[in-house]
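Pasting the structures in now, so scroll down.
Below are two complexes that have subunit A in common, paired first with subunit B and then with subunit C.
Moving on, here comes the complex of A and B:
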């Protein structure tokens, strides 16, 4: 969290994250280059650069997309999520090297503009097998560029989290475009089962992880729906004892995604969606009296959903009551930052 | 519930989180080189084509500007008194034919160049016995006229054939790019053909060998624009094959895309 915008808010963990990320990238590039020169000394430098950067960018994107569901399935993966922005921007840069070299190699020094040539050389747009795969890579790179360019809290704030998130969800479209880019491009030349298996395994892993994460979420919702009882606009969600101290129970009632926190013998309810990047507030913890989002550590006061001054983020709040040890929540939201009395847990 | 809680902006991650990240990092350290190795080793390799990118040479020969620009290099006279030549394809810089540079040269020297003995500077590109020559810059290209005289040679008619193979641009295939063929190279080859570089055909013979020829229409004129949609596909070409010194030229009267896998959909030409 910060009040003023800075280019990068460095901290010890980010520095370590970036060092490890760069180290693994260099390891890949050196291994690829060394083996390529040993086994295929006839490789031209351009082909080596294009293949090394193209495969690396694809692997990095694959890894980035796995981090989200992995962190939902097991919180111990959260450190991978925290500095994912740097990983994303670096993926774009590696992909851009691949794209620029391709445009120079295959489209420059002719009679037409190289970018125009990307679209106008191969015109088999009606054929799946012969489809101009470079166009797919071009649009994927445009999406990655938009994401990299807006990958800063300045844009998050000014575009609004909703639009920012929607823009960044285009990464799945970019991934889909790149799967076809690879399958209709280099795979048709190499025709090796290894390349097909590589793409297929990655796709399968990604889809499986997302389905598993969605399954866990769905199970949680179903369990809660079975238990929900209703009265006077309130829903019974759980026993107060079911909520661990300084933690939350997440409930989904009448379209409202709500996190019910227990702390200091009290219970309060706030909207479950972090105003920063829509992280699941309810998977967070109360630290120093503040609800702390597990994704990037954004903080809110439980009784009014406001970030502690000087921060300005606010969440909707909800009425909560405790009857016979059971927690009841009214899903009608109060405007963001509205103070609501916490329900007291009787000893 | 694990009481440890990870907050990214704190200096240190809780122990259990740090331990998990360590496992992930070490897994990546093992996995990443392994993936790199598997991807490298699953490539099919590259042909030993050659582009002498840093080596400028001067070639002396008889300049032919149409229909396919080339230098005819005299090889000598055989016992029957027939003079033999090796044709070297001339290509411009980038994805362009040699003709614009030769037209500039003709204007500069004030003489028509067709059939003239000439010395030109440029870079050799070659593979599998086929040689091309990328013309040098305007400044260095012309190295003077020579005393060589053209000897009119009659093409040897080899009859009508049905060929199957891939339409390529000779500049990339013979050495400027590796690989200079296949789907990833399609757009580049189309650009080269659009730039006037002659269409080149890599035909696969029944015994699996490769044979190369240039493709013209029945009247012996370039048909790059008509062939462009078929680049990088498996194509069948029907036409009369002629031998021009060391070159084969097919004068195509029919060409069509074959279905994937060699031979499927192939019907012998009438």
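Moving on, here comes the complex of A and C:
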């Protein structure tokens, strides 16, 4: 969260996150190199780099794509989400090393342009077995480049969260391209059960996690809609006691995605969608009197939905009342940043 | 996340998951026959003792060798690295392995193949599926 754009908004958590990430990457590269030298002692340094970076980038992308559903299924994984951006950019850089070394090793000694050679050296585009798998890796790298280049709040603001998110959802296409890059490349060449197991396990894990998370979300949404009961424009949401202190209850009423927060003996309702990357505000908590988005720490005041000065982000607010200990919410939104009185919880 | 975005995610993974799994299965389905164990460059076999025949073609020398139990072995000596990046070695249409950098490569024939002379040795550009050399050893 920043008023002005800075290249990287460093803080203690991000430094710690990055140090752990780099430590694991170095450990992986050293282990991979050691095993390659033990089992394939004649491997050239270029091949070693290509293999080590290729496998590392694929594992990292796989891990990145698991973070979202894991965080939705279990909030203990939310810290992984906090600095996923650095993980993504690093994945692109590792993938780029793999791509550049491949082009140098396999395409730079001919008579044609090396990039042209990637597309033209093997033209069996109609064959699954002999498909030019390097082309798939090339396009996946282009997508990862676009994502890394726009992985900044400057682009998020200027492209708008909607278009930015759509662009970054291309990562799923990149993952699909990379699955086939491996399956039609090294797997066809070496027929190693290890590669098949490596890709297959990752693919099944990823698809299962995403479908499980989607199922849980859908069920939660349906439960919210079933519970609500109409009364003078207000919907009964839950008992005030059902909302933990400094936490929220999320409801979906008349197309409005609402987070009802309980704090200091009061209840307030704001729009559930963070203005940064459309994160779920209601899955966050109140820190220092501010609602704090669980994704990247954007903050809002519960009574008016405004970010504390000097920040300018604002959320819509809603009327709330408490009758006989039950919380009622009117889903007609007030303009962003409108102050609404909090409902007092009677002792 | 906006419900609409969640719905998009759900649809992407429902459809994409099925397509990826089908593609994964198809890629396994079209896997070529595995190269016999020990026939990759870097895992050179020891030579069989008796040389039965020798022929030379360009920078390549071919030898037919005989070992215990009348088993045969093809030895190929490359003076220079091949222009093609992926060269497969076939004997009587059965894949034996691939050539690597310059040096000596040996391919032990199976019992059945050893008992079926003459031996048609073919070097095939594995990427473009073109036969580079054909040679017959008696």
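To be clear about the criterion, the second predicted complex is superposed on the first by the 346 of 347 C-alpha atoms of A that agree within 3 Å, B and C clash if a C-alpha of one lies under 4 Å from a C-alpha of the other, contacts with A are read in each partner's own complex, and residues count from 1 in each chain.
Simple rule for what comes next: a contact is a pair of C-beta atoms (placed from the backbone, for glycine too) under 8 Å apart; a residue touches a chain by one contact, two chains touch by 3 or more.
This structure is a prediction, so every number in the text was calculated from the model and none was measured.
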Subunit B and subunit C placed together on subunit A: clash or fit? clash
For this session: Once the structures are superposed on A, label A:47 by its partner contacts, choosing first (subunit B), second (subunit C), both or neither.
Result: first
Q) If you stack the two complexes on chain A, which partner ends up touching A:130: first (subunit B), second (subunit C), both, or neither? A) both
Once chain A of both complexes is superposed, is A:75 in touch with subunit B (first), subunit C (second), both, or neither? first
**Message:** One more residue to check, A:332. First (subunit B), second (subunit C), both or neither?
**Reply:** neither
- Task: Mind working out whether A:312 is in touch with subunit B, subunit C, both or neither, as first, second, both or neither?
- Result: neither
Of the two partners subunit B and subunit C, more of subunit A gets touched by chain B
Which superposed partner A:191 touches (first subunit B, second subunit C, both, neither) | both
Message: Tell me the contact category for A:122 with respect to subunit B and subunit C: first, second, both or neither.
response: both
- request: Return first, second, both or neither, reflecting whether A:160 touches subunit B, subunit C, both chains, or no partner chain.
  value: neither
After superposition on chain A, the subunit A residues reached by both subunit B and subunit C are 40, 42, 106, 121-122, 124, 129-130, 184, 188-189, 191
Per the touch rule, the subunit A residues reaching subunit B in their complex are 1, 9, 11-14, 20, 24, 27-28, 31-32, 35-36, 39-40, 42-44, 46-47, 51, 55, 59, 74-80, 82-83, 105-112, 117-118, 121-124, 129-130, 132-134, 184-186, 188-195, 198, 244, 247, 284-285, 287, 292, 294, 296-297
Given the complex, residues on subunit C that touch subunit A span 1-3, 5-6, 8-10, 12-14, 16-17, 19-21, 23-24, 26-28, 30-32, 34-35, 41-42, 85-86, 127-129
Interface with subunit C, subunit A side, in the complex: residues 40-42, 106, 121-122, 124, 128-130, 165, 169, 172, 176, 179-180, 183-184, 187-189, 191, 196, 199-200, 203-204, 207, 210-211, 214, 217-218, 221, 252, 257, 273, 278-280
So, in the complex, the side of subunit B touching subunit A is made of residues 1-2, 5-13, 16-21, 24-25, 28-29, 32-33, 35-48, 93-96, 177-179, 182-188, 190-192, 194-195, 229, 233, 260
